[in-house]
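After this come two complexes, each holding chain A, first together with chain B and then together with chain C.
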Partner chain A sequence: MKGSILSLFAETSLHPGVGQVVGAVDLPVAREKTTGYPVIVGSSLKGALRDKAEQVWGEKEEKLKRIFGESNQAGSLLITDARLLLLPVRSLPGPFKWVTCPYILERLKRDGELMGLSWDFDIPDPGDKALVQEEMGELFLEEIVFSTSKGKDLNKIVETLKEFIPHDSVKKRLETQLVIIDDKEFQYFAQYGLPVNARNVLNKNKTSDNLWYEEVIPPDTLFYSLIFERKLTEDQNDLYEVESLFKDSPYLQVGGNETIGQGWCRIQWFSGGESR
Partner chain B sequence: MNWSKWSFEALDTFFFRGGVSFHAGEGGYSSVQSLFPPFITTLQGAVRYSLAIKRGWSPEKPNLWPKELGDSDNLGKIQFKGPYLLYKNKPYFPAPLLLLKKGKDFLRLVPGSKVRCDLGEVRLPVIADEGGEGYKVIEGEYISREGLQEVIQGGLPNEEDILPRDKVYFNEPRIGLERSDKTRTAKEGHLYYVVHVRPQKETSLAIYVGGIPDDWDTSGIKAIPLGGEGRLARVEVATGFPEEVLPSFPKIYPDKDGKLRFFALLLTPGWFEPLDTAILQGPPGIPGTMVSACIGKCLYVGGWDLKKQEPRPLVPVLPPGSLWFYEAENREDIKEKLSKLHGQCLEPRGDYGFNQIIIGRWEEIK
Partner chain C sequence: MIPLYQEAQNIEMWKKYQKNFNAGLWYDKFFYQWEKDWTIAKDGKKDGKKDGKKEWIQSVTSGDIGDPSLIQEALTRLLSLVTTLGGSYMCYKTQWRFVTGLGRKHPIENGFVWHHTLGVPYLPGSSFKGLVRSWAEEWSEIDPKEIEKIFGPKGKGKSDKAGSVIFFDVLPIKAIKLEADVMTPHYSPYYLQEKNKIEKAPGDWYAPGDWYDPVPIPFLTVASDQTFVFAIAPRIKEGKEDIFKLQEWIKEALSWAGAGAKTSVGYGRFEPHEEAQRKLAQSLKKEG
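After this line comes the complex of A and B, so read on.
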């Protein structure tokens, strides 16, 4: 099967929700059950791509059914969940750090192999330290303090991650803001470090009718998804068709709260080491 | 026959729907749970689909479907064994239903004295030793090959031989909806709730595929759609033989009264026709007299017939881990037959990998 990687760089907060739950946060974001990392589930991403296609091609376009499927026929596009790659976490020395962990990098490397890409970096072992490009003594991430250590060959990881980022200014910023911490420590930030917004509806007396708490994934978070094309007809080139949807506007809205500006991602495609 | 080992790892989640309908006449909110591991019917479909694609078949060229792969009702020249659960690349099996556990301690069930019940005069399984208060059958957990070897030899496993379900996978509930293009809100009546499984990072599934012609190229099969909801699996194809995964045939020797006592344990789901006869009399072709059994709750095999574009009828099967206790005369030909039965997939549907049994030993309570 032909495949490409789609990277999604959050330009605004994202709310890929899971519906209402009983807990301190009424509307949390979707998470992987095994790791606790925020995730944009495949069906949500596929729906967002279909919506984009309907806007660009029109709702009556025949190939929409072939690519995205209909009730009695699966589509040609196969989409994995969008996996977390970099999570912005508040930090005292600067606005934030982009934090990731060995498991996420290991998964990225294996996904790269699956897509025929070989990234030449070793998986670091941070232990109880935070690995950074330039040692900085102590580092505060949210309320937790880490001692830092200069990561060996971290520049190779930085160079790989830069391929997923569309903006040159962000790529440059990554060089000084990347932090790698242990899987367990990372899990804590992924579980408890996301912003929670209080929202309400005001009545005509300008007092609150209701109040609810909604979790969001912050802007500047980086995700990626693997997208495959299943061959249904001889002359189809559906992956290319979907990629070409973004020629004029490389933006995609995913998840809920579209009308309050959430869910906008700058997207980028690449396969075989070539970014598009 | 040449065999290869196909390993499947979830790229994120899997969704293997059982026999529950999305719309069972209910209104509002209902959930559909995923099975794990899936039935071989799902995995064999994915394997044959991938092989056919490699041989140039596509849905618009149905005449290019390789005859070696059979059709929607038979497997042609292909055979399957499995599925087997791998954790850290080691095989684990559904725990035999004769095992009871309390904390770190285990007990076994054996056929008890005759009792009269609605089935007539039968021997029901009883705890082999004294006590047993608070012990429970280890249903839904997995046992290592080493632990299973101990059990079929008549012993008990160690605590580290048992793999609890939450080390293998988690259920991951997901909400889906169709959005109305006009209102940009959820379409009325199109909200659904499904429960996927997310295998832990060290969990994978393996099946053994036999009979693929030698000149067929299986390289390049790396990711394939597996199960429902368009979920994907990473695939690895390697040489391997089905025997390598199984515990070896135990030493079968007579009890004090000179009788051979053994049990036949299902490693893969039991698809027998008629099922009630198999439950009451044991699977066909096993020597000796069936004296008792530990049978789990039935599962239902369904699936989607890609060619006919329709769901397959639901068929009840016995869960792996179910077993039948037997008694037989101490004869060499019986011992030889038992050693041949060990690891075999009994008919019907044996070529699909259903009905795989292994032989174990039990002792009458002294």
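After this line comes the complex of A and C, so read on.
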């Protein structure tokens, strides 16, 4: 089975929502049940890809049914959830750090193996420290203070993660902004470190009709998804077809709040160590 | 005093970050002007105490806020997205002060909206969209059907059709100047009573009398002459022609209705800044 990795780098805030819940935040973002990390679920990602395909090819295109399926036939593409790789967390010194943890890196390595990619970085063990490339004394992530320590062989991880990032300027910043912390600590930021926007509708008297709190995933968050192709016919090359959708515009809109500028990801494909 | 665990209570430690910090994180979470009984010191001429709220606001008004290269990068990326989508952007500068997010919770009573990763004040896309819509509905004679097409239908359960245009977050063009301002309500009991009208028995009410003490409340604002970039893009093909119309509407809305809070007393007015726009377009061309 052929497969590619699709990386999604948030250019704006994202709101892959789950609808209204009872809690302090009315409209939270989708999270993985087991880890609590924000996630773009596979069905949502598939819908976004289909939407893009309809825009580029037109809604009547025959390929659409084969690739994305219809009621009596599953589609040819298998699309996993877009998993979190780097989460921007506000910091002092600032403005933010890209935070990740051993579990995420281990999962990435496993997923890479599934795709026939072997990255040779070791999974670090941060303990109660924050691992960085250049030691910097104390580091505040949100209100939590960490003492930093220079991680061993962190540059191998940096080099691997760079493959997922489309912009040269961002790749450069990753060297100084990458921070690796313990799984448990990371979970706290994944749960409570996302921006929450207060929104409302004002009536003619400029008083609020309704106030609601909405959680978003901040810009500069990095996700990746694995996409496989199932051969339904001999001459199909659907992975390539979907990749070529992004020739003119490397952007994909996922999740809600589209008309207030949310959900835009810059995407990149790669397989076998070659990024496109 | 600081409402944080012991290890994080060393203020001097944070102060060294003041040249390079996320002002939003600092402002939201590190307030340290509490007294022992969790009140905030008021300007006491007798006991020589300084006004805690004012002191706090001054911790972010001394220099420019934001990392210039990071803002430049964010803007370049946003605008290349906008251009790819066939949208357009316009530079406007604040004519007078501009403030948004006053309603957010904060120890000094008035909050402020900060961009999460950039740590600078900004105008969220939802506010940008809302202000243009409200201008179109209330100030102009535009056909309501057209407004509905561009902005989407209003009200619950009608969200099956979204508007034709995307309004992006409004970002500053470079590091930004903030200023302290003061509001001084003279008739607090009268105003508060308005709010709690339902709970009050009839007859038991406060008049807006001269005998109340004026209460100065400091709050944080964006200074005048700060430039922001307003970007829009069509969501669907039919939105393309709406972009030109909207450019005019946005100009009118920003100069007449204003953005953010306290617009009825002159805050949040913007005027076009053509020179900044030219320069921005040039720098984007260079970076390709």
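What we mean here is this: the second predicted complex is superposed on the first by the 276 of 276 C-alpha atoms of A that agree within 3 Å, B and C clash if a C-alpha of one lies under 4 Å from a C-alpha of the other, contacts with A are read in each partner's own complex, and residues count from 1 in each chain.
Operating definition for what follows: a contact is a pair of C-beta atoms (placed from the backbone, for glycine too) under 8 Å apart; a residue touches a chain by one contact, two chains touch by 3 or more.
Computed from a predicted structure; not experimentally measured.
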Could you look at A:Glu258 and tell me whether it touches chain B, chain C, both or neither (first, second, both, neither)? both
Contacts for A:Lys231 in the overlay, against chain B (first) and chain C (second): which applies, first, second, both or neither? first
Just checking: does A:Val41 make contact with chain B only, chain C only, both, or neither of them? Give me first, second, both or neither. first
With both complexes overlaid on chain A, does A:Ile79 touch chain B (first), chain C (second), both or neither? first
Tell me the contact category for A:Arg90 with respect to chain B and chain C: first, second, both or neither. second
Report, in rising order, the residues of chain A that make contact with chain B in one complex and with chain C in the other. 258-259
Listed in rising order, chain B residues that touch chain A in their complex are 11-13, 53, 58-61, 169-176, 179, 181, 184, 198-201, 222-225, 229-232, 234, 309
Complex contact set, residues of chain C against chain A: 4, 7-8, 13-14, 17, 20-26, 29-30, 66-67, 70, 73-74, 76-78, 81, 84-85, 101, 103-104, 116-119, 124-126, 128-130, 134, 138, 151-152, 162-163, 165-169, 231, 235, 264
Within their complex, state which residues of chain A touch chain C. 11-13, 88, 90-96, 138, 140, 142-145, 167, 169-170, 195, 197-199, 201-202, 204, 206, 208, 218-220, 248-251, 257-262, 264, 266
Once bound in the complex, which stretches of chain A touch chain B? 1, 3, 17-19, 30, 32-34, 39, 41-43, 46-47, 51, 54, 59, 72, 74-75, 78-81, 83, 103, 107, 110-111, 114, 226, 228, 230-234, 258-259
